[in-house]
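Here subunit A shows up in two complexes: once beside subunit B, once beside subunit C.
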Partner chain A sequence: MTEPLTRTRGESGRVTGSSRRTRRGWSSLLYLVPAFVFYGTFTIAPWVQSVWLSFWEWDGIGAATWAGFENYIKVATDERLVVALRNGLGFIVFYTVFPVILGLLVAAVIAARPRRGSGFVRTVLFLPQILPLVAVGVVWRYLYAADGPINQVLRAVGLGDVARAWLGDFTWAYPAVGVIGTWVTTGLCMMLLLAGIQKIDPSLYEAARLDRCGPVRQFWHVTVPGVRAEIVVAVTVTLISALASFDIVYVTTGGGPGYQTIVPGVLIYKLVFTSNEVGLACALATVLSAIILVFVAVIGRIGRRGA
Partner chain B sequence: MRSAGSRILSAAFLLVAVLSVIVPFFALVSAALQPADTLAPTLTWPTDPQWSNFATAWSMAGFGSLLASSAIIALVVVPVSVVCATLAGYAMGTMRMPAKGFLFAFFLAGLTLPYEAIVIPLYFAMRSTGLIDTYWAVILPLAGAFMPFGIFWMRTHFESVPTELIEAAQLDGAGRFRTLVQILVPGAKPAIITYALLTFMWAWNQFLLALILIRDPSRRTAPSGLGTFVQQYGENIPLLAAGTIIVIAPIVILYFIFQRKFVAGLVQGALK
Partner chain C sequence: MQRRTRLVLAPLAAGALLGLALTACTPGATTTGAGAAPDASTELTTDDITLTLMSTPESGAATEATIAAFETEHPNITIEYSQTNYEDYNQSVNLNLSSDQSPDIVLLNAVANTVKNKLVLPLDDYADLYGWNDFFPANQLNQWRVADNGTTLGDGGALYAAPAGFSLVGTYYNKAIAAELGIDAPTSLTEFEAALKTANAAGALPVQVGNAEGHAAFVVQLLGQGASGADTANAWAFGHAGATFDTEANHDAAQTLADWQTAGYLGDPTTVNGTDLQGAVDNFIGGKGLFLVDGIWDAGKIGEGLGDDAGFLPFPGENITGIGTSVAYAISTQSEHPNEAAAFLDFLRSPEASEQQFAQGFMPDDPTVAVAEEGTLQGDIVAAWAEIAEADGLVAFNNNATATMNDALKAGTQQLIAGQMSVGDFIASIQADWAAAHAG
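Let's look at the complex of A and B:
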């Protein structure tokens, strides 16, 4: 905190305007100190340490040996890790693509005309967003169970052949877990896109109507371009939760059957606490955060180009 | 004719959307009220609702102490986050400072960091400092992890405060800290309350950190206790459903009281 106070002191010895500003510039950093201490110590430092650990082979107890890029080679070649990353990326379809499409449709329908109860619709659709994901997982575990409500309904309507233990099924477990993600994130997408639609200038719709555009063409030519910025945001937010998903998979399937629903988060947990491969887990975590960062940067760039 | 058709169609569409959210909740509540030995509860309202399932789940899983852990963690994290984010957001939103752009980007980067990427070193650090299994093991990392959003949120608020207001306060002889506490904080109340509610919800719902940094099941938070409960009583659906309702109740009640603030916070926070 050394400042060039003397250089800018006025004749009377009072601090002049410009030096006051310089002084204020440095002292304003003091206001950041508490936030910096928590964030630096408990978020950034562990992250850096995780990157560092990813270059070691370590079981979490004994001595670590330098591994160079060995762990990263495993991330790219070891079946478990490749599958986990692929599953995480695949969840983007369920956490991002479906919710944005569904959210846009619901938002467009709500915004199309004022109607009683649309406040209620919004409140209810947003509800999954505020629940602990563990609880969501527990609820869906029950819904998907062999004798659970979904199968009961299927049997009741004569589709008993389709009924199965969804989360234990090698083919269906992955989409079944994905649907839970769609259920959770659609409400947020709907709210984001509704906020966007409500900002669209109504005269654009009038102009479209004068050009004899029906509701569908109005949707494509006015609504969708009008909410471009909000779509970018919805995609960014949901994409991070797709790639970083943990709670739902951990509770519903634990990654199984086999490795059908394993995602990076659950595999990292297993690598550390079941097979004591700490370095490898850190390499996977590093790759995961790099993928998220690249995706967010690319989406941000696409969004800016469109604006 | 056509407009009546589309009106019915769109109303039906909204109805399906609402049902897809409500039916799982209905299934959860009806399952929680079935006799505790029901293996496969049906999707009907029980003829003889077993309210005692809640008491059984409460005592079997020790939800009393789990909820208390969650509450203690949230009630420490929230004020710490609010104070730190308000100070930093005030500085970032109203003051000149060196390397401001870099500092802001540094904090903002935290919005993309997954918990998976920090939790392993945290586990070993907490273990070696003896903080593992204490509430601090979760409180401290959460306070750090909430900082990016908090600074972003409070900075946006303070940027919207008219400069004249700050200048007038300082002409009256108030220092910068007094300007914040006496002039700006009262006006920032809505922004602060929204941020406090969001951090409460995120702290309450946090699973991964609580699962890894508190290994002792009896000291865990409500959601991670629920995770353990699933593994122990996964087959006992009525008890599990009752336990789930106990864990989500506080946050659902808060949501219905402060609904607008939750929605505005999450939506505006994302959009800004």
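Let's look at the complex of A and C:
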């Protein structure tokens, strides 16, 4: 959207003389230095270091030995690591797909007919976003427990046969943990999309109504295209939290039962702190960040093509 | 567009270079050799000195009182105590030991890679000077004897830590439920299984198991070593060359657990896998379960909850065995006062220190202070400890056989209980983890 503006400014700059432009460019760069020093020291340098460490076999304390690509071969062949990557990718359904759909629906309903109480609904839905994820995990572990509230409700309504220790069930533990992710990220998606919807020109809805579009068609033809940019942002942010998930899984199941809910984040942590395989952990982390970068790049491209 | 790309790339490249410059060398410090450490001696300095000691709240429960008693005896020595919770402690102990501000005395929960990296001192000179080898039964010190490779434990290795007290895993039982069902305390596996059958038929849960953290592994280990004997079990737990988990005893043990599951002795498998140890203890106190296999670290809670109805037995088997380890302290290689630190380690077996350990629920170094009324839970524990010591039946935790064994046992027993894995695959997965760490 800002493309044309920048281009005009660039062209006028060229007319007035390039030397002044360059000087202005350099001095403006100076303002970036403090932020960049921080970013370089605390983000880029550690990242480069972990990539570097991924080529070593190191226990975290003693001398390391050069491993070449051995750690990467292990990442591609070790069954546990592959399962973790697959589980992380599967979480995209719970962290991204469901929340964006749910968030979009709720936002559309709230925006279409603001009524008393919608502010309350908004606050309640956004609440999970401001809670520390460890606290969220502890609360849900209690909710899912064999004698926890969820099972008590099920028994009370005569569904006692369905009641189970959800996090200990080989079939249900994974979706149970996924639902927590949905619960956490739906509020964020709703807020983002609501802001987008409120930006849409009301005359578009009016025009749609004049064309005899019902609420459903208004939603598809006005709302959804209108919040395209916000959807891209929501998908990007939640996708990263799906692939890099750690806290919720670590607190609720620790990856169990068996390896049903193991995700790369938990495995990286265990590789470093339990089995002292720092090199292998860094290799897995590098692969994970590469996957995330590819996803983000693809989503960005899809988003731009539509704009 | 092009210009903008360059602007973004330049700092990125600079950052990458900066990162490389910071890191472009072999990771890991070459271990700094200990400074000129004084020869081992029982003669202590008369200067005022301060030692630092790091522990965890559970293991260090008695240590603060022990420090006070030690300081009274040695007024010129001050010991500064600090503690961190168990998980954080294990993750940071090696970093602390290798830092510039290493504590003098540290709690050692596992040998892990601490000894391999020469972070703690060998204590054999002190063991000779103070006579620890005569004081402690051999199997109480073997857990902290480490061979030159830094991973194989047991007889013949150098000693790296001194025990302050011991924990023990055995069988709790609910005397009220047992009396109601007419069950006597079982002394053999046959009687034990008969009791499980009786309880199940009467509608009582035979065994309370919480396996969310993998504690069913205790049952497998106790069944296995009860059949094979403590020596075979220890050889594997200690990582001895040629040892294997793939034995008939362990096959039978895992099969028995699976059979108990099928027979309904453990309850619903999902509930078992979804309940953690503390949850299981709470259930047991609430009257759910005739038996509970757990460590004496929960004796206080269970004794308080069940009162006179709480009983404790060594796990029944052909051989009387128990799983146990010591709360043990080691001396940092960087300590400037190893002689004084060793004097404190020696003080841990004194009657004063032993009484403190016993009061906190551990079995003390000095068994003569462990006196409890017969028929009480503590009395049962003291009797079980004596019985196991008599039979030389103390075995180290299988969970500590490798750094990752706890995770392997947790995942394996969860799969076994849920019927997701065959007994053969379970045994193979455990042995594979062991072989990866103890190869050669």
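As a working rule, the second predicted complex is superposed on the first by the 273 of 307 C-alpha atoms of A that agree within 3 Å, B and C clash if a C-alpha of one lies under 4 Å from a C-alpha of the other, contacts with A are read in each partner's own complex, and residues count from 1 in each chain.
Note that a residue touches a chain if its C-beta (ideal position, glycine included) is under 8 Å from a C-beta of that chain, and two chains touch if they have at least 3 such contacts.
Every value quoted in this text rests on a predicted model; they were computed, and no experiment measured them.
Colleague: Is A:Gly258 in contact with subunit B, with subunit C, with both, or with neither (first, second, both, neither)?
Modeller: In the superposition, A:Gly258 contacts subunit C only.
Colleague: A:Ser275 contacts which: subunit B (first), subunit C (second), both, neither?
Modeller: So A:Ser275 only meets subunit C here.
Colleague: Considering only touches as defined above, state whether A:Tyr39 meets subunit B (first), subunit C (second), both or neither.
Modeller: Touch status of A:Tyr39: both partners.
Colleague: Thinking of the overlay built on chain A, is A:Asp78 touched by subunit B (first), by subunit C (second), by both, or by neither?
Modeller: neither
Colleague: Counting only touches as set out at the top, which of subunit B and subunit C does A:Glu70 meet: first, second, both, neither?
Modeller: neither
Colleague: Just subunit B (first), just subunit C (second), both, or neither: which does A:Leu243 touch?
Modeller: first
Colleague: First (subunit B), second (subunit C), both or neither: which does A:Ala145 touch?
Modeller: both
Colleague: So, does A:Leu53 touch the first partner subunit B, the second partner subunit C, both, or neither?
Modeller: both
Colleague: Could you tell me if A:Val109 is touching subunit B, subunit C, both of them or neither one (first, second, both, neither)?
Modeller: A:Val109 contacts subunit B only, not subunit C.
Colleague: Using the touch criterion from the header, give the chain among subunit B and subunit C with more contacted residues in subunit A.
Modeller: B
Colleague: Of all the subunit A residues, which ones make contact with subunit B and with subunit C?
Modeller: Common interface on subunit A, subunit B vs subunit C: 29, 32, 36, 39-40, 44-47, 49, 53, 60, 145, 273, 278.
Colleague: Per the contact definition, I'd like the list of subunit A residues that touch subunit C in the complex.
Modeller: Touching subunit C: residues 29, 32, 36, 39-40, 44-49, 52-53, 56, 58-64, 144-146, 164-170, 253-259, 270, 273-276, 278 of subunit A.
Colleague: Touching residues of subunit C toward subunit A in the complex: what are they?
Modeller: Within the complex, subunit C contacts subunit A at residues 7, 11-12, 14-16, 18-20, 22-24, 26-28, 30-31, 90-91, 94-95, 98, 112-113, 116-117, 119, 211-213, 268, 270-275, 279, 403-404, 406-407, 410-411, 414-415, 418, 420-421.
Colleague: Touching subunit B in the complex: which residues of subunit A?
Modeller: So the residues of subunit A touching subunit B come out as 21, 24-26, 28-29, 31-32, 34-36, 38-47, 49-50, 53, 60, 102, 105-106, 109-110, 112-113, 115, 118, 120-135, 137-143, 145, 147-149, 152-153, 183, 187-188, 191-192, 195, 215, 229-230, 233-234, 237, 240, 243-244, 246-247, 250-251, 264-265, 268-269, 272-273, 278, 281-282, 285-286, 288-289, 292-293, 296.
Colleague: Quick check on the complex: what are the subunit B residues that touch subunit A?
Modeller: 6-7, 10-11, 13-14, 17-18, 20-25, 27-28, 31, 39-40, 42-43, 80, 83-85, 87-88, 90-92, 95-98, 103, 106-107, 109-125, 140-141, 143-145, 147-148, 150-151, 176, 201, 204-205, 207-208, 211-212, 222-224, 226-227, 230, 234, 237, 240-241, 244, 247-248, 251-252, 255-256, 259, 262-263, 266-268, 270-271
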